[in-house]
Amino acid sequence: MTSGFDTNLPSVRQVQSIIKAQKRVELKLLTGEVLSGILRWQDQNCIAIIDDSNQQTLVWRQSIAYLKAFD
Amino acid sequence: MTSGFDTNLPSVRQVQSIIKAQKRVELKLLTGEVLSGILRWQDQNCIAIIDDSNQQTLVWRQSIAYLKAFD
Amino acid sequence: MTSGFDTNLPSVRQVQSIIKAQKRVELKLLTGEVLSGILRWQDQNCIAIIDDSNQQTLVWRQSIAYLKAFD
Amino acid sequence: MTSGFDTNLPSVRQVQSIIKAQKRVELKLLTGEVLSGILRWQDQNCIAIIDDSNQQTLVWRQSIAYLKAFD
Amino acid sequence: MTSGFDTNLPSVRQVQSIIKAQKRVELKLLTGEVLSGILRWQDQNCIAIIDDSNQQTLVWRQSIAYLKAFD
Amino acid sequence: MTSGFDTNLPSVRQVQSIIKAQKRVELKLLTGEVLSGILRWQDQNCIAIIDDSNQQTLVWRQSIAYLKAFD
């Protein structure tokens, strides 16, 4: 995790637990696009997601509409 | 609720009362999409909503256009 | 009204007078949608509008393009 | 003009001179819409524009793409 | 240039050098629109661009996707 | 790099390492557009990318949805 990032927020803690549990997620972006995969890490500006072909995508938080995690 | 989040704002208090009352809501997003369900919790960055199949969606506040709650 | 909200701004004062006068308004959103009705209250993050069927919509300020009030 | 609004910025001063000179303007919004008319006043959050039928529109600055003024 | 505007940023300095050199530019906006012309000045909120018919457009920085300058 | 820019963030450090390694990237913008090329530099507001014809594009961070880098 990083400096200047409020890790006490429930939303940040929930994303952190999703990262730890390596749950499959869907990230819906404001462009309407859906990114699927496993979250790798998060910081104040971005969330890193790895897809099924192990390609990392660095997603800017500003572009996120919502996140669904699947058990 | 969480630190650094102005719980005195009428809008925050209203969302909190909607959460408490477990009212059905519709969240209209800036993508044009509508999410329906019951609000679970809110913090400075996100609002969690549970749909009819008990799937949670973590909605980034930045993507919200408006909210309607139904009695 | 609420704490941490600059009620001296002409735009905030004008919305407040529209609320007081219960004028009919049209709120055009960045989604292209138009919400019509009577403004109920405003705070730092949201404006509440009541439509003709008395349903309240909590509109996030971030989604507003412009407002027209009618005498 | 209003408190907490940097009236030294060239862009703010230019809008103020356009208001004073009552020039015709076109405001292009992020929705793609164009509002035409005469600017009435500005503050930190909004710009008020009057159209040819003397109807005022309170435009949220966040929705503005660009402005053209015509002599 | 203006007060409260970080003129040390490479991006601000680069735009300033493009203004000085009067290079032709293309400004791509978040609306998808492209504005072509010569940059006249910049401040914290806006960039002024002059088109081929010498018409100035005051572009809000918030609407800019990217800029290309041509030698 | 520049003043007032949190170079400790993992996302900033990752972009910096992508710049250093001159990896090919794809920048997906909120307009839906994809810019391909090599990142040249970054600062608080922008990222500079060079395309295959050596044309630089100054991309405003606010317009970025996500970034993919390829080995």
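Think of it as A, B, C, D, E and F in the order they're written, each chain with its own count starting at 1.
To be clear about the criterion, contacts are C-beta pairs under 8 Å (C-beta built on N, C-alpha and C of every residue); 3 or more make two chains touch, one makes a residue touch a chain.
Going by UniProt, the chains are A, B, C, D, E, F = RNA-binding protein hfq.
As the structure is a prediction and not an experimental result, all values here were calculated from the model.
Least step count on the touch graph, subunit C (RNA-binding protein hfq) to subunit F (RNA-binding protein hfq): 3.
For the pair subunit B (RNA-binding protein hfq) and subunit C (RNA-binding protein hfq), the fraction of shared interface numbers is less than half, so the two copies use mostly different residues to meet. Taking the mean of the C-alpha atoms as each chain's centre, subunit B (RNA-binding protein hfq) and subunit F (RNA-binding protein hfq) sit 33 Å apart. Rounded to whole angstrom, the centroid-to-centroid distance between subunit A (RNA-binding protein hfq) and subunit F (RNA-binding protein hfq), based on C-alpha atoms, equals 19 Å.
Looking at subunit C (RNA-binding protein hfq), one finds that residues 30, 62 touch two or more other chains. The part of subunit F (RNA-binding protein hfq) that touches subunit A (RNA-binding protein hfq) in the complex is made up of residues 6, 8-12, 14-15, 28, 30, 32, 61-62, 64-69. Contacts from subunit D (RNA-binding protein hfq) toward subunit C (RNA-binding protein hfq) in the complex involve residues 2-4, 29-31, 33, 35, 41, 43-46, 48, 55-60, 62-63.
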